[in-house]
Amino acid sequence: MSAPGNAMDSLSAALKCNIIPNQEYLLQGSVLDQYVEVLLHRLRGLCDNVDSGPESFHDHELCFSLRIANTGATTPMSVFSLRVRRALDVSDTPYQLRYIGQQELGDKNRPTVVRSSIDMACSSTIVDFLTELGCRVDFEYIARGYMFRKGRMKITVSKIFKMGGNKPGETVEPISQSYLVELSVLAPSGQDAIAEDMRIFAEQLRPLVQLEKIDYKRLGNIM
Amino acid sequence: MERDIEQLNSALSAIKVLRSNVRNVFDSVSNGLRADHGDEGKESKFVHELQELLTTVNNNLRDVENAVSNLTPPPGAFSLGNTTYLSQETTQERQALYGQLVNSYKWTDKIREYSAVAGNILAANSFNKTYKTFSTTKRRKTQTSNHNVPPEVIENLITSIDRLFPDVTFTTNRPLVPNPVIQVSLGRVLKAIIAFKGLMIEWVAVKAHAESNDLWAESRYKVFRKVTENCHAAMCHFHSPMMPELAVRSFMHWFHSYNTLFSAPCKRCGNHLHTTLPPTWRDLRTLEPYHEECK
Amino acid sequence: MSYSVNISVEATIENQIQEIQYDGTEIYQPPLTLSESLAKYAQKIDFSKTSEVDIKKEESSEDSKSDTDSKDAFQSSIWPWDSVRTKLRSSLQEICVLADVLAIAKEKRYLVLDPVQQEPLETKPMVQIYARKKALGGAANVLLAGAEKMKNSQTEAARNRTTLDFHIELLRLRQNWRLKKVSNTIIGDLSYRTTGSKYLQTGTFEVTKAEDEEKPSSPPSSPLPGGPIPSKPNSALRVSIPTELQGVAYIEVLCQKDQEDLCSVNLNLMGTAPPPSNPDMHWQQKLEAAQNVLFCKELFNQLAKEAVQLQAPIPHMVVGNQIMATVLPGIQLIIGLRHSTSGDKKQQTPPPSKSDHDHVLEHSLHQLLREVHHKNTHHPFPHPATGPLGPSKKRMLAGPLAADRHELLEMTKTQTLLEQIVQQAQHFIMRMRTEYVLDTIAKEVKDPLISSHWNTLNSPTHSCVKIHISTHGYDAVCRTPLIIHVGEKSLKCICRDGKVMNMSYEPQELRDLIFCHISQHQIVAVQALAKTMGWQALGNSNHLGTGAVEPLGNSSSCLLSSPTGDRIIAVRCEPQAGPQVSVAHSPRTDFFPSRLVTERKWEHLGGQFRDVRLDKMEGRNFLHKMELLMASLTSNS
Amino acid sequence: MGVTILTQFNTENRSGPQNIEILSKRILALGATQQGQFLVDCETYTSVPQLGHQRTVHVLHNSEQPATVFSLLETGAKTIPLATDGLFDLLMMKMSHFYTSKKQTKSESKGPRYEIGDFCVKLGTVTVSSNFKGVLVEVEYRPCVVPAMCWDLLKEFLQGFLGLSGPTTPPTYLQNRMQENYSPIDTIHQYLEHFTMFRKSPGIGMRP
């Protein structure tokens, strides 16, 4: 057995070898409540291993941000946002901490949104930890729905609920009359071939749901 | 019985003391003033003496009362039903009958008492050399099977044992209905997975709490592997085909003594560790901890 | 043309929509150019009508003319210039025409006729509906009549022949198998790829309609009951399977001792397999057989790959269709792929060594591969849903719960199929050997009874047997329990006092151990019996140091004294030779004072031991004899 | 997962390697086998002043739990532990705007790792920014999870191989957690305690 190396060294080595899946390829869309059954039915036909029915999930997500106030005219305000998610329906699962970087829409030829993502499981002290770290809760919501897989692709069909009371699960009300549909793959950077697979898969869900690259900046302008 | 006699004796002696002290009082009163009271204030001295004597009498009286109250009242006369009228018999030749009757009654009573005691002692040290009985009368009694018992019986047994030990938690699951596999957590020390065959323990695997519940995988820790072996030995020891419930119960009782696995030192050498193992053996009768090498 | 246009029609301002796309964008027709619209309007002019009017006019003029003609005729006699007038008139006409022609030729203003698209005619909806209804009704009648006719012929055909319809067959096939249409052929897939197999060989088959050449031989018009055709349950569907998947295959697993006829196994391809597939087999059976062949091939391929890769102390051998692995010294596990093609018609009698074929191990091999398939496709879903796909739940928790090295290593550990089957085979042999040893000892040794209880629950590589040594009629007095764990390559014996003995795979070790326990059981049982008889155990030893050296184990012994202390019994029990009993009397019944021993009391010191010839004694077994012996010595004789 | 006791071994005028050698000889004589090496390292990040009052994040790795990154956040009032996947380091890099690392306090303890029965013994040489500071002995009894249950047993073991210099009372960190279930983060707490002590102390025995 060789001497264990420094953890940071091995991490940077792993970064160099490009084996850390830190890129998320993403397509998003939505479907109205009344058509969600049709969509689920189609997904059952398209995805792997749905003989036992689709896997459901019920998660609670908190969105934190760490920001430094504008100190001088030269330094822009820097914001660093983190998401914490936990499963409400399955016990003894870890909390999931997520950092999602700026998304690159790319040009028209690129079929999906690519954004850097650091994804890690963590212990339940994470909420306290982040709060004490100086983070603020921006918003929180509950997502409930189904997920599917097709090869490396993950498809989630979820309904987003507003948090009613302080406790999750107390009173929740849906945000809209539709379901959010996401098609995503987490891969090491440089594996753009998967994006093409995603496009083809998304094509198969048309016209029930249009999975597209969503530009949040533009959405922000509209609102 | 012993205690009753003791109390009776003490009550009698208390009465004796009381009597003698009362007698002293009367003595003193009858003698009146004596020379030893001296001249000055002889009355007051006499009165003083009398008072002292009376207080002792008082105390003695209290003692007697205490002793008497401690006594259990005798259980009255033997109620012999209508035969009591025999004692009022006036005819000459029948007058002795009652005395004889009471005597024979006492005699049979004692026989009953002694035979019960003897029966208990004999049952404990059986002279039976085999469980099989060859008498034709008993053959008709069907042997109850220990292998094939209704699930409720086992369920009842497990819940009754569960109630016996508050720091032991039982979780039952039944892959095969008449043969449950239970998981027994002994505090925070260890857990055991026990497979039953009917009412008999068939397999035991002892593990740390964090390990898997697989019945066949061994624990990664030496100490639990050793305890597993010892559990198998105890399973052999307590095995009793005639009284399967008792076997399970006594096994669980023995197993419960492992809650001090890490904290109790060896009874023999007084140390915690021997070849890096804590005392893993528990005596089958006294449940005292010993090292493998010290037992 | 039934309506007249007296109203002028103007084009709508909006352009017409040509097409609406799925995204909702509308594509307009380009607006008409001037000439196009002119043409369009021109087309709307009903020339025939105007000509009709003209004709009418002409008619009327003709009428008037005829009137005039008649007048002329009447007047001609009275007007002599008539011919001159007509001539003048015709010449005027000629000149007018000439002038027109000249004008057209000169100014080039003449009419051109262009083809114009006819606009869809808007008819009254009710009329249309009636018309269509009638037309449809007519068509329906034709179809119904045709269908009736076909149905009749169909039922007749069905009555005549037992063949099923190709399409119904195809539907059935589709319900159970994966099919797709590639140009004109229907291709099916019977591989396990969709259930997680990663085997490269394809399992495609082609579906065709059964050849028609058979049909003429049995025309529906000539039903021949009892003919050759109904005897063959024919299918309208034919599946053609690639040759390498044809036939019947199975995996043969056998455990055998060294150097037993190895080659004879090799030669025979046909085993006790089901009858060879004939071309007339139903497609379902045919496909199932082919699928089984594919499965067996994959399994064997996988095993062969592993056999080559694995670094075993005694290397595994892969020869042809056979893998040989050494399980225990002298014992080999042979896994063979037996594949018989359908062409091989002649049945060969299975060689006698085939009877060793282990169905249990074959079954577990199948199970193992299916487990691999299942694992390939059934990945756990992450919770919460944003987690990465792939790692198991345990691995997901490893970070936050701080799993240590050992646990992480355990997670990555996987066993190959061959390793697992070798382990199972090892255990299988160990179990067989243990069974054999216990059974033979139970048969050989009659005096203490040896009963063994195998556990009902066991794993493929671990089982357990409980052994009870007891004496008939004295089972309540003494019972020696033992637990033996049968593992893969070793045995472990646990006694009731917590002693643990580990043994190797050699069955002799277990045999010796049981014999040692039998001899110890006898000694312990005698002492327990003595207690109930009121005798006193003076001492005992399980490992006696005195006496002849034992071939195995140590002899054990004990000394018992009678309740009054005047008799002493010594028992010595050897694992091989069995028990020996000696008796001493003290004091001796007759005492003669000598110069050395002057007083009788010295005789209490114990006397000479004399051997008891147990075989001559009354009694069912050793303990019974001992009971009788003690009873006779206790009496105040 | 077991209970771990971390104790300093007095140098007694011997250099670090000598101490390690003596201890290795002793533990090998008891019948232990060496099972590779171990490494515990600690890096400390402090918040930038714009972020309000100062907070410190200690990020530790323990080669015994290779898939985990431990972090302890000290706010002054309380300490919050966190255990995450290995990618937490990546996140700390991303947060370099807010939390900056103090390179001169990078500490680690590394050395041989021995296994003896259910015990795991690690002899660590402590360096703070590659200056030798002392020797830390870690003894883990893996089957037990409650410190109160096995403290006597551990004490006996420690004294058996450290001699009189073995600890007589549980580590201060554990003293009011004796009845709680022990978890790997508790080991990390003990290491951090020792590292902070070593950081404050001037370089004893500068020989590496």
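A, B, C and D label the chains in the order they appear, each numbered from 1.
Basically, a residue touches a chain if its C-beta (ideal position, glycine included) is under 8 Å from a C-beta of that chain, and two chains touch if they have at least 3 such contacts.
Nothing here was measured: the structure is a model prediction, and the numbers come from that model.
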{"item": "Centre-most chain, if every chain is reduced to its averaged C-alpha atoms", "value": "C"}
{"item": "By number of C-beta contact pairs, the top two chains", "value": "A-D"}
{"item": "Farthest chain relative to chain C (centres taken as mean CA coordinates)", "value": "B"}
{"item": "Separation of chain C from chain D, taking each centre as the mean of its C-alpha atoms, in whole Å", "value": "52"}
{"item": "Distance between chain centroids, defined by C-alpha means - chain A, chain D (Å)", "value": "36"}
{"item": "Per-residue multi-chain contacts in chain C, two or more chains", "value": "399-401"}
{"item": "Per-residue multi-chain contacts in chain A, two or more chains", "value": "119-123"}
{"item": "Where chain B touches two or more other chains at once, by residue number", "value": "none"}
{"item": "Chain-level touch network, classified as line, ring, star, complete or other", "value": "other"}
{"item": "Contacting chain pairs - touch in the sense defined above", "value": "A-C, A-D, B-C, B-D, C-D"}
{"item": "Residue numbers on chain B that touch chain C, as the complex places them", "value": "125-132, 176, 179, 181, 195, 197, 202-203, 215-216, 220, 229-230, 232-237, 239, 281, 292, 295"}
{"item": "Contact footprint of chain D on chain A as seen in their complex", "value": "1-8, 11, 15, 20, 22, 66, 68-69, 71, 78, 80, 97, 99, 118-123, 125-126, 128-129, 132-134"}
{"item": "In the complex, chain C residues that touch chain D", "value": "398-405, 408"}
{"item": "Touching residues (chain side chain C, partner chain B) in the complex", "value": "406, 455-457, 459, 461-462, 464, 466, 473-477, 481-483, 492, 494-500, 529, 532"}
{"item": "Touching residues (chain side chain B, partner chain D) in the complex", "value": "188-190, 208-210, 221-224, 262-263, 265, 271-273, 275-278"}
